[in-house]
Amino acid sequence: MEYVVNQIINGICQGAIYALIAIGYSIIVGVVGMVTFTYGEIVMIGAFAAYYTFQLVGTNLVLAILASFAASFIVGGIVYKLCYERFFNSPRHISLLCTIGFSILIKNLAQIIFGPDTKPMINIIENKSYTLEAFGISIVIKQLQIMVLVLVIISSVALTFLFQKTKYGIALRAVSQDKTAAYMVGINVRRTAMVGNCIGCGFGGVAGILLSIYYYSCSPLMGSSFSMKAFSSSVLGGLVDIRMSALGGLCIGIIENMGIMISSATFRDIFAFGFLIIVLIIKPTGFASSGKNRRVKSEKG
Amino acid sequence: MKKVKNTIVKYKLFFILAGLAILLLLPLVITKSVYMRHVCNVLIFATLASSLNIINGYSGQMCLGQAGFFAVGAYTCAILTTNYGWSFWVVWPVAGCLAALMGYLVSLPTLRLQGIYLSFVTLGFSEIIRIIAQTWTPVTGGNMGIKGIPFPIIFGKELFKPHDYYYILLATLLLFLFITSRILRSRIGRAWISIREESNAARSLGVEISRYKSMNFTYGAFWAGMIGAAYAPYVNFVDSSQFSLDTGFDALAMVVIGGQGTLIGPIIGSVVVTVLTESLRFLQYWRFVIYALIIIAMMWVRPQGIAGASNSILAGGKIRRSSRKKAISRNR
Amino acid sequence: MMSKNRADAPVLLEARGVCKYFGGLKAIENVDMTIRKGDVFGIIGPNGAGKTTFFNICTGVFAPTKGEILLHGENIAGLTPEEIARKRMARTFQNIQLFKFMSVLENVQIGCHINTKTRMFDAVFQTKTYKKDEQYIAERSMDILQKIGLEEFAEMKAGNLPYGSQRKVEIARALALDPEILLLDEPAAGMNPNETMELREFILQLNEAGYTIVVIEHDMKFIMNSCNHILVLNFGQKIFEGAPEQVKANHDVQVAYFGKGIIARG
């Protein structure tokens, strides 16, 4: 029982990071209207930006977050220019392949620039854990986990504020709902889509830091497995629905850790994908209500 | 350009026979085993890419997990021949059929899923197959893989040299091309293409799209399984890392660079990509950078690929202006 | 065929109390319709009256929320478009949906799909069935193109044709199904008066040849001159059904089209 509860807590923590990745991903998919395969690499860029910030400036978390947000933001802009802008009216597989190409590009450039090895991340927080005694169960929470959870919550709140309260956020939401209508009311759709894409990428970068801190490492090839998690979570949440995607990320995190409990850690991904496929077969739109993402579904592909 | 095309069409039979003769005599010309290996690699990837082209190019579905079907074929062959001593010639069609069955199962959600969701299911499927291969140690050898897969024996001769194995791979590709071209010339092929071009219209004409999509998927998976089964004895060793998503993406890149929706496209693509990546091997990571840049450049310049179907929605959704003007003036 | 007494002809397609709600929006409310063999049946109504929605319900794109669609007395409500096409009901689309990148001939060939039986096995071994089918397809599609007068464009990409001809290709493709009943969704939209005239002639010819035709159209003149029976929809409800002269004289129809004020003054 104790083990179960602790696994669930691990799951929540991991799920929170997945949720952050998924949030960024579904912002991109929503605003751009196309699916991306570069996202994992952007997460990796975020992690490396943090790694080098720690190397150069020392353990300054705020600075690292800013640096990785900025780095991912810029790469997001390049992705937008290369892979999306030209292809808004083309069949979807074209931009999809562009993003696959771009992901190969970044992955290999990263191996050239950063070196192919896995780099250890500095311990930025004391490896201390708190033990709670409740109902005769002792629950262990690491300080690191608390920090990660707090950061995820802060970024989600910031994002909610951005989307609900600022003019720009409202424009972003408008673009993600209906590009033509947004264009009609005078929103610069292309620029908004670009900024939205960059913001989504920025969140991916922040998630990248958290991942590298959580696993104490970062490597040029870390992207692909996390991008799979991002796809899974946001597909689970109906692709464009940000809140549901976050929920999807949480679910995947928890299910993975529950899965590890009954088998071994190597099967982790099977549980994530198996769960995803089952949900898709039962309810193709994921957790989101079916009407909301009719647009994405009806696109040809 | 058009002249060239017309000449090719006019002497089609001659070109086909000449091509066949060259292909059959190729092992006599290329004496070095190393080069022959590259030729064999081209053939393997050409068939794999072609099988993907059936799905992506002809019915316009977006399968991203072709590596999964390839793995099913390869592992079936490896397990049955190595551990159970079955003859390669029996295992071969069995592996194809098993992959086809997998393809059918994966395609079942297509009855409900469209577009990108289908891509995710195939992606997830491919990863699940890979992870199973990596972790189910008693059967698949886990991380160790399966070593010493017996070579096929024909007329008492063991085909282990690339020069001999070449003919098996060539036969697979030619058989594939022959059967597929016949299917494409029937109402089945037309139904696939109609689904790609305009699925609503196809439905209104009575094309049962879910049935044809699923048939298309099964057929594509079958050939991926066949070439997977032929691949396993050729490399003599399979492990899960050979069937990562990147293998699937490589096949996809070949289809896209060579051209979707034509039979020759993926073959050209596999030649181009293999020659490029092999000849640039000394550049290490830079060769993948070049490879990636080529994919992106291809999408910008010629989205239907080198030899892709220009008479298709794959070409970027635009009809060429000049031919349109001509049509209008002719009409008047 | 039109000149005969309409009431004697057998009922082909019938709608009974069809409703379609999108959430709270009542797109179609309790519509009845009877189409008899040999009709040129018009469906008219102001913009947003639910004509196309009603059409889509008949052809299986939507399932009705309530009510029945009967084809030869058999309920087809809720069947998929492909199943309905197999029951020999063909349609065209308001926004032309051709296989634009394929040749005109290929477009029509795909239309022959349901009349052929080739399976994978037949195709691979080129059996008798395959040969028979291919011959049938080749002959039938050329035949249709000739009838419609498109044979000189047979090899041309459908998307390259002028608008009027594209409409014709769509009709040709639908005819390849060998349908009993042909549903045309705004066939004259975007055509100039000459083309519209030609189209009218063409539809009447088809009707002579034995096809039952249902037309949605905005162009009143077109409908009044070609149809023998008209259904008028407004706000998703049937406001009138009858012969063209009756429609013209009907007060509700005038109100729907011209508004109350003008009628009162005029």
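Letters A, B and C mark the chains as written, and numbering starts fresh at 1 in each.
In this section, a contact is a pair of C-beta atoms (placed from the backbone, for glycine too) under 8 Å apart; a residue touches a chain by one contact, two chains touch by 3 or more.
Owing to the predicted nature of the structure, the values given are computational and were not obtained by experimental measurement.
Touch-path distance (fewest steps) from subunit A to subunit B is 1.
On a Cα centroid basis, the chain most remote from subunit A in this structure is C. Taking the mean of each chain's C-alpha atoms, the chain closest to the overall C-alpha centroid is B.
Computed centre separation for the pair subunit A/subunit B is 32 angstrom, with centres defined by C-alpha atoms. Once the centre of each chain is set as its mean CA position, subunit B and subunit C turn out to be 41 Å apart. Taking each chain's centre as the mean of its C-alpha atoms, subunit A lies 48 Å from subunit C. Multi-chain contact residues of subunit B (touching two or more other chains) are listed as 313.
Taken residue by residue, subunit C touches two or more other chains at no position, since every residue touches fewer. Contact residues on subunit B toward subunit C in their complex (touch as defined above): 179, 182-183, 185-191, 193-194, 197-198, 200-209, 215, 219, 309, 311-313, 315, 319, 323-324, 326-328, 331. Residues 35, 82-83, 86-87, 89-98, 100-105, 107-109, 111-112, 116, 224, 228, 231-232, 235, 239, 264, 266-267, 269-270, 273-274, 276-277, 280-281, 284, 296-301 of subunit A are the ones that touch subunit B when the two sit in their complex. Those residues of subunit B whose C-beta lies close enough to touch subunit A in the complex are 56, 60, 62, 108-109, 112-121, 123-125, 127-128, 131-132, 134-135, 199, 245, 249, 252-253, 256, 285-286, 288-289, 291-296, 299-300, 303, 313-314, 316-317.
Interface residues of subunit C facing subunit B in the complex, by the touch rule stated above, are 59, 61, 80-82, 85-86, 90-91, 93, 97-103, 106, 109-114, 116, 118-120, 122-124, 126, 130, 133-134, 137, 153, 156-157, 159-162, 165, 173-174, 176-177.
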